[in-house]
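Take a look at the structure set out below.
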Amino acid sequence: MATVFIPGSMRDLTGGQAEIEVHGSTVRDIVDELDVAHPGVKDWLVDGNRLKPSLSVAVDGVVSPLGLLQDVEGNSEVHFVAAIAGGC
Amino acid sequence: MQWFEYARPESVDEAVRLLSEHGEKARVLAGGTDVLVQLRGGFRSADWVVDIKEIPELNGIAWDDSSGLTIGAAVPCYRVYENEDVKKHYPGLVDVASLIGGTQIQGRASLGGNLCNAAPSADAVPAMIALEASGRVVGPDGARTIAVEDFCTAPGKNVLKPGELLASLHFPAPKPHSGAHYIRFIPRNEMDIAVAGAGVSVVLDNGNFASARVALASVAPTPLFVKEAGEALAGQPVNDESIQRAAEIAEQAAKPIDDMRGTKRYRKHLCEVLTRRALHIAVERAKGNN
Amino acid sequence: MSDQSYEPSMVLATKTFDVVGTRPVRHDGADKVTGRAIYGADVTLPGLIHGAVLRSPHAHARIKSIDTSKAEAHPQVRAVVTSADIADAGDKTVDLGEGLTRLAFIRNNVLARAKVLYRGHAVAAVAAASVHDALEALNLIEVEYEPLPPVLTAPEAMKEGASLLHDDLTTTELGKPTDKLSNVASHFRHEKGDIEKGFADADLILEKEFDTSTVHQGYIEPHNTTALWNNDGRIQIWTSTQGPFTIRDTTAAILEKPVSQVRVTPTEIGGGFGGKIPVYIDPVAALLSKKSGHPVKIVMSRADVLEGTGPTPGSHIKVKMGVKNDGTMVAAQASLAYEAGAFPGAMVIPASMCVFAAYDIPNVTIDGYDVVVNKPSTAAYRAPGATNAAFATENIVSAMAEKLGVDPLDLRLNNASKKGTRRADGPKFPRIGCVEVLEAMKSHPHYSAPLEGPNRGRGVAIGFWFNAGLPSACNIAVNADGSITLVEGSPDIGGTRTSIAMQAAEVLGLPIENVSPSVVDTDSVGYTAVTGGSRVTFATGLAAIRAARDVRDQMIKRAARIWGVDADTVEFEKGVFISRNGTENRMTFAELAPQLAATGGPIVGRAGVNPPGVGGSFAGNIVDVEIDPETGKVTILRFTAFQDAGKAIHPSYVEGQMQGGSAQGIGWALNEEYFMNPDGKMMNSSLLDYRMPTSLDLPMIDTCIIEVANPGHPFGARGVGEANIIPPPAALAHAIHNAVDIDMRRLPMNPVAVMEAIWQKNGVTD
Amino acid sequence: MPRKVQVQTKLNGEQVEFLCEPRQSLLEVLRDELGLTGTKEGCNDGNCGACTVMFDGRIVTSCLVLAVEAEGKEITTVEGIAAGNELHPIQQCFLEGAALQCGVCTPGILVAAKALLDQDSNPSEEKIRFWLANNLCRCTGYDKIVRSVQAAAEKMQEAR
């Protein structure tokens, strides 16, 4: 099962849980799965058929440009983090 | 930039005629490093710009052992600090001519322009006051001579009447055992406006100050001649105490403002530091000058 | 000046290649030393007229009325535009590749609607036959304002009852929208471990507050644009920008055009550093062109640039850190309040990701506040947000080392983040070079060199920037003589045409002279995100590598066809195609190139990428200073910059980034600031009084490139554009502390500030 | 409206004649009337040096010179530094030394540096930094610029 790390600002949706084990082979599966156990999570993360543009998903530490389509391994760590671009 | 007409007179008389004719509507162009910025920024206006660089009398440097040095009002800084007579007799003038602006500005800006622009921060003015310089002003009613310390009347304002023109600057021949120096404080090492500046000159008489002059930049509405600081040195032995006293008098005389370049307190403090440092260097120069 | 007894520029290389790692002359070099290169302001078109922008004299005011009739009557005026000429964006949002933004914020910054929110805010624009006429006509526009009290700093703007900039801005509190009208656009938090327990375990706790001033990127070339609204409704724009596709998409959104109707040609660009990402004058010039029927050029004045474009946020930062006597950091807490300027979007999220990134600390809490104030809407500036944050963190880390009596680099090494360290914002670090950078600093001759004399001190600091990936595209065409043309979409600000071409040359085994790279317009290459985030050499470079591999694979098939062998048997080594099944066949790239037409037609390799595997970069400084205790002036005696480049594709330009970033960091540390009067007027909006370092203010800047390969890039490149600006203010503050025993917690540390700190230390009062 | 003025000057070795308004700066005329856009505008008040040109043997910021002042003068811009197709050593050394990044301050710095080398064949680092203090560069930190000027000085001495 993948481990999803819940951002502090989302924890009231998960009854305060910070880490949740979830089944799923893509980030989308995982979000759907989470939303069943903790309704509202999907609204919080997803906008239509994509992650909210203000969010990115990091799987095993690597921010994925694929968002919901990103594959997830059985033992993956999944983080939802703020999307930002640098400037130079 | 607003529209204006351009004239390039070749004689003082022609220049004076143009300036008299157009009065307040005419601006003199020497190096242009101040006036063009002011016209572009709308801080000053002009219907006529009178370029004085083609007037021979305003463009020469003349040195004479007895009468001293005369520098045309339009002579750019680089010609001042590259001039052999100036290097030999007026190191205090070399100091200031080589720190106004950067290399490019020094290729255009003149000591005369720096004086006429009458900025409180004008670096050349305290240096010239210390050297007892005077300006030769020509106008419709003839010529007159004005001590540099009396030239600036307010920020951006000077004693010139409509139609008048600063023709040249005159520096008396330096006395034996005399020395001068100008230093300023700026946050950068170049291309900056003085937060404060001190121009000094001293004349020594075996171990004592015979006389001295101190003037400050950026600490009053006009470059500030601190007569009493010089007077306090006259007759005193040359030592740290006498110099320190003069420096403190300069600090007391300063009436600075708070702005983006410094605070009142900091500027007054700098007057003491810079006057002291300038006096020490001037003394060294005087000792080497027989 | 720096001691030359050792190599001033070291490269601690870990792997060598044929082209990558060499120092060829850049392809655009000749144009740029002869004055032939065409920058935005150099563009000219038949019938070109000139635009100028009227800007607000107030920092905060309601616009009661705008009367443009007198300006329109001016004989030389061809068009006048105001906010009324642009559709109201309502609550429409746009995704410009940097997250979701409210279109109204961008649109109302381009031309103020109803309110002006900072001095310099664009209000109207004029196009006329000449620049002089346009400027003259601006004076004929009559605007009636109702001035409102300005708020100029984050703490001021966050106070209850502070004057509000926006009538409809409510705080997003910990991710949830609220209905509280406020200048705080958002408050977010990162948490890791148990902060209370962490501090309880600490033997030494230090807590301090810091303030940093608004500063500007200070590129030498002012913003400029030339726009033509053609009779078929298509818009063409030539401009100096870091992001031609961003300009295209934003302009299309503001002018309600399909993107296909807007073409943006990026000219050569005179510096950006993050400040040439946002849109300011392009839609305005386009509207002036539409109204006048002429192409219109607008070039900003220097004052426009300083007062009307996006500087980087000023900030108020609180940092508290706890460490055990054995030098183990156990807790860290930060509150970051960043000034967004007129519209939300202060760089506080990246700041929160960097503030403690260098250290492996079990218990961390970070609060971030995005606060609007009556200053120009801020933009990115080289590692945006991170420099302010590191100024705070590194001060405390060095102070801890001093109190614990340990070497400041040892304390950092003790707690350095490494692969697997969990960041406060969640993810674990992939392979990073924090430890290697610190070790290089410790073993560098500068660190052990004696530093004698009064009022002298040495300081150190490090900084982290995560860098960006984002989309890039590249096409490569093979020429019959064996050379290739490479087409990409990343404006070249520091030699990236060449660093990208080198990566393609490496893949195809070609000499760099055989690659001809061009940066093209938005119709001529696939979407490419901004030149920013230290991403070009990494991401566009990766696109070039993939496009080159595509060329290679296609050419392998051609070779196989010519030899009548199976393509699987053909290999490609250092520019030679080899088939070893039975008889050995060999053909060089140059021998195969002329045979393409006859073997199936020309070959074009292509790639579009949006790469993961971004490699964050650590940078560090060692700096020696001398302070004049009577004036507070700081003189830098020696400066050495360190950075993990992953792999330095073109070491000279990596050094250039490190030296340039260091110089900007030094300016930020010592003199640069937006000096605002109480009414919100910037008092130093010229390059005379906005004091960027001159050649006489800096020593040689020695460099040490560390190469900890980024696993996410075939050659290991990380991207080096940004991290280098982070450490200088903190390193200088540390050096100043060691020189005269004062604690500088405010930027800039200019002579007045240093003098006042010295007076305070000595108990000197007014 | 006042009349335009006719000006004759020697520009990059060739006699040229142009019409200008008295209010137009030399920078403006070089770029907009004569098409020599190599000279750049960075501040228009003499503080950045991007518009540096040689004016009667001295470097000046052309934004602070009126075009009408060019009457009878000799002007050299960055376009006049190379000898035909041969880059001047200072240009070659800037390329080899990676002394430019964005390149917008480069024309002014090349004109200024050439003027320095013409009067001092072996300037110290200090002198180079002082001479170039009116030329702001925001990309390089000046390190590679100063080194490239030193390299050009050597190259020119070898050539002698």
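To keep things simple, chains are lettered A, B, C and D as they appear, and every chain counts its residues starting from 1.
Note that in this section a contact is a pair of C-beta atoms (placed from the backbone, for glycine too) under 8 Å apart; a residue touches a chain by one contact, two chains touch by 3 or more.
Remember, predicted model here, so these are calculated numbers, not experimental data.
S.K.: Give me the set of chains touching chain A intersected with the set touching chain C.
M.R.: A chain counts here if it touches both chain A and chain C, and no chain qualifies.
S.K.: Across the interfaces C-D and B-C, which one involves more C-beta pairs in contact?
M.R.: C-D is joined by more C-beta pairs in contact.
S.K.: Approximately how many whole Å separate the CA-defined centres of chain B and chain D?
M.R.: About 29 Å separates the centre of chain B from that of chain D.
S.K.: Counting in whole Å, what is the centre-to-centre distance of chain B and chain C, each centre being its mean C-alpha position?
M.R.: Going by mean C-alpha positions, chain B sits 44 Å from chain C.
S.K.: How many angstrom lie between the centres of chain A and chain B, each centre taken as the mean Cα position?
M.R.: 70
S.K.: For chain C, what residues touch not just one other chain but two or more?
M.R.: 132, 272-273, 688, 693-694, 696
S.K.: Touching at least two other chains at once: which residues of chain B meet that condition?
M.R.: 1-3, 102, 189-191
S.K.: Residue numbers in chain D touching 2 or more other chains?
M.R.: Residues 21, 23, 44-45, 47, 130, 132-135 of chain D touch two or more partner chains.
S.K.: All pairs of touching chains?
M.R.: A-C, B-C, B-D, C-D
S.K.: For the complex, which residues does chain B have touching chain C?
M.R.: 1-3, 102, 185, 187-193, 195, 259-263, 265-266, 269-270, 273
S.K.: Inside the complex, what are the residues of chain C that reach chain D?
M.R.: 1, 23, 25-26, 28-30, 32-39, 41-42, 131-132, 217-222, 268-273, 299, 301-302, 493-495, 652-653, 655-656, 659-660, 662-664, 686-688, 692-696, 698, 700-701
S.K.: Please give the residue numbers of chain D that touch chain B in the complex, ascending.
M.R.: Residue positions touching the partner: 1-2, 5, 21-23, 25, 44-47, 49, 52, 55, 58-61, 63-66, 68-69, 71, 112, 130-135.
S.K.: Please give the residue numbers of chain A that touch chain C in the complex, ascending.
M.R.: The touching residues are 5, 7-10, 44, 52-54, 58, 60-65, 77, 79-88.
S.K.: If we count contacts the way the header does, which residues on chain C are in touch with chain A in the complex?
M.R.: 95, 97-100, 174-176, 188-191, 242, 272-275, 277, 347, 349-350, 353, 379-384, 425-430, 465-471, 529-535, 610-614, 712, 721-722
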